[in-house]
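There's a structure below that I have some questions on.
Going by the order they are written in, the chains are A, B, C, D, E and F; count residues from 1 in each one.
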Amino acid sequence: MLKNIVAKISDRFPAEAVHAHCDGPCGVYDPADARIKAEAVLSMTKKILDLGAPDTVEKANTFARYTAIKEEQAQKTKEELLILWTDYFKPVHLEKYPDLHDTFWKATKLCSACKVEVSLEHANELMAAVEKVHNMFWATKDRVVNFYKAS
Amino acid sequence: MLKNIVAKISDRFPAEAVHAHCDGPCGVYDPADARIKAEAVLSMTKKILDLGAPDTVEKANTFARYTAIKEEQAQKTKEELLILWTDYFKPVHLEKYPDLHDTFWKATKLCSACKVEVSLEHANELMAAVEKVHNMFWATKDRVVNFYKAS
Amino acid sequence: MLKNIVAKISDRFPAEAVHAHCDGPCGVYDPADARIKAEAVLSMTKKILDLGAPDTVEKANTFARYTAIKEEQAQKTKEELLILWTDYFKPVHLEKYPDLHDTFWKATKLCSACKVEVSLEHANELMAAVEKVHNMFWATKDRVVNFYKAS
Amino acid sequence: MLKNIVAKISDRFPAEAVHAHCDGPCGVYDPADARIKAEAVLSMTKKILDLGAPDTVEKANTFARYTAIKEEQAQKTKEELLILWTDYFKPVHLEKYPDLHDTFWKATKLCSACKVEVSLEHANELMAAVEKVHNMFWATKDRVVNFYKAS
Amino acid sequence: MLKNIVAKISDRFPAEAVHAHCDGPCGVYDPADARIKAEAVLSMTKKILDLGAPDTVEKANTFARYTAIKEEQAQKTKEELLILWTDYFKPVHLEKYPDLHDTFWKATKLCSACKVEVSLEHANELMAAVEKVHNMFWATKDRVVNFYKAS
Amino acid sequence: MLKNIVAKISDRFPAEAVHAHCDGPCGVYDPADARIKAEAVLSMTKKILDLGAPDTVEKANTFARYTAIKEEQAQKTKEELLILWTDYFKPVHLEKYPDLHDTFWKATKLCSACKVEVSLEHANELMAAVEKVHNMFWATKDRVVNFYKAS
């Protein structure tokens, strides 16, 4: 069934045209972009939980900033992941990773969950999802790139 | 195989939690957002082809504007489509539409193709892809909404 | 008096130049863009009223997101309306609709009111204002387009 | 007739509620924001005319940048003007300046003309329109503020 | 020591190339852009302090808006200042104002402080920093431009 | 002299207050953000030089996209660098790296040069400047992080 999908898509974007269809600067994709933002989501989630309910002017100012940064960074994590899914990954990769779509769908839904909730569990799962994408991505390039955290 | 994917995802986002995971104002999704932008991509593609190579100051100014609008609107079409894919569609819909991922992947790759090229064929295919999403979307809501074009 | 204004403007933007002065892709204007955003404003207003004051971490996170979405969508409603007013509508339309300026001024001031307040009344009035613009717009094109709501 | 419009609007936004409907930081409006952007439009228009058609890599790079800056600054001029029209000016001002709507409509249409064309004449007219708004604005505050140019 | 830095930089960007390296429309820099935003930061800071902790729906909506505006305007003040530092000021100015870097570093750090805190003291210091930049800027152009406040 | 600057600034932002003045999620700074964007600038510069003058519709479309991406990525490189300079680096670091300001000033001026020109030399120098910042940054954290390129 997935073979059919791959076949149908390959047919539509024939191998020789694939590179011309990439809409950005080929070769400068890097999942580190998504990882940095996901780290910020995790960091902000922790800080919000530490801060507690906003019952003074100072805490309300800080709470507003922390949630806005969490929202923005979760959105950017989602965007960076989707750039990889729509622009970098090609039918040939889907053949190798049949759970490609599933992986990205779940990862982007985790970004939404991290916005909606203040959940350490989901923020950690998002980091794990980004690490999975990191490994999948560099494997397609036959390169070993260390997954590190900035914080 | 797809059943397995659905099962795995359903497991992760249990039915009762689904609505809480939606990260926007439930019920205000509308594929018309994507359709309007895709119409602009098609319109700009036609205008660029009519204009021809930018060999005077006036034509170069117009050409720059048309390509920038085409780029921006193709990007927005992509974003509007991805909001539907990541936020609106749930595992239960995937069960009903096994080609859900494939449909969106191809549609977003068409957005990129419309940026990279000045292609009437691809711009028309993008309109068709958006119409397919329109039908799929309203069917999930058991509503009949007419697909019209503004231009 | 209004005739004088029309005459003065018509003089400045003579009929044959009008289309060249439109700064976007002619024919792809659609008030649906404004309607979708106005629906989101109304939806968010209801949700904020249902939620109540933000006295826990979870509610404060949700409250912050709801007000930010309301703010953003009210701003976008305003922008979509102003695109119609500044780019689509021409002196010839003002002649037919002498309250054109008044209609848009009030509609955009309602967008501001929906930001400043959490008011069901004003959010409903904004929806009505958008519907009035929808009717006015399609009438200028001699087309009948159904006004529906996505939610 | 205009009196009627004013009356109708005043009725809708009664005097005592006016300030609560202002959606920004009262008192920090300044037409200098629009003037700086309009100066950039004029400057870019001159530079594009001096540059000529983009027939080499270097000139094409510069041409692309100049038109993009012109486009962006004309858009920002429009936005700054519209903030004054929708947020600052109130029914009481319309009574004093019956051509308020007309002034802003023409000024924003000039912004569009400066995008669509490479026209010194329209860029100069835009500067004049911004100066008119400057005078109108400070007169409502009974303040004398000098209109200067940065360039 | 600073002379060495100046020499080294001058060497890298020789006098005759300086203008070609400016990446915007020369001559349309104006510190008024930063001043207007800094005024908004000060205004919002006062309003937040007047408002108090957000313990009702209405106050929480207003609080969210005020902090978001303060954040946005402090960020824009920072950006406007940095445009002057990176694009307008040249090595020749550093020679005349040895504390150029220090002035901008402190001013931008004050923007951050105004985001993090709700501090009248820091908001007033930011206004003073912007006035210092205003004086420094116009002195390099041998022009006398009055420093006024819009509010 | 630099000691005086440091002393003056330290005085203003006393050690114990420093962390509270950081306006983002502490610990999630990573120069990789700037490196990815600088790589894109270099890649686009090469592609523009390979493409040549835009004398057909297809080439003009591609040229417009390449220069827009170069412009955007150079701007983002600048912004990422400035986030490090204004938010991460503190007076204590200036003491250790007396050429801190100079390093960032030159690096951001290189971003502008890469916009203004289509210069392989400057794009390569920008990569080198980003690598210098990378080394300086991780040294302040006593961590060894490998500098790699994604392309």
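Here, a residue touches a chain if its C-beta (ideal position, glycine included) is under 8 Å from a C-beta of that chain, and two chains touch if they have at least 3 such contacts.
Predicted, not measured: the structure shown is a model, and the values here were computed from it.
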* Each chain counted as touching subunit A and subunit D at once -> B, C, E, F
* To do: Look at interface B-F and say which pair in A-B, A-C or C-D is its repeat, using the rule that over half of the contact pairs are identical by residue number.
  => A-C
* Shared interface numbers for subunit C and subunit D above half of all numbers used, same, or below, different? -> same
* Structure fact -> Chain centres computed over CA atoms; the one at greatest distance from subunit A is chain D
* Take the average of all CA coordinates in subunit E, do the same for subunit F, and state the distance between these two points in whole angstrom. => 20
* So how far apart, in whole Å, are subunit B and subunit D when each is placed at the average of its C-alpha atoms? -> 34
* Structure fact -> Flagged in subunit F as touching 2+ other chains are 54-55, 64, 68, 115-117
* To do: Sort the chain contact graph into one of these: line, ring, star, complete or other.
  => other
* Give the pairs of chains that touch; include all such pairs. => A-B, A-C, A-E, A-F, B-C, B-D, B-F, C-D, C-E, D-E, D-F, E-F
* subunit A touches which residues of subunit C in the complex? -> 54-58, 60-62, 64-65, 68
* Across the complex, what residues on subunit A touch subunit B? -> 1-2, 5, 8-9, 12-13, 20-23, 78, 82, 85-87, 98-99, 101-102, 105-106, 108-109, 111-113, 115-117
* To do: Note which residues of subunit E are touching subunit D in the complex, please.
  => 24-30, 32-33, 36, 39-40, 43-44, 47, 69, 73, 145-146, 148, 150-151
* Structure fact -> Within their complex, subunit D touches subunit B through residues 48-49, 51-55, 63-64, 67-68, 71, 115-118
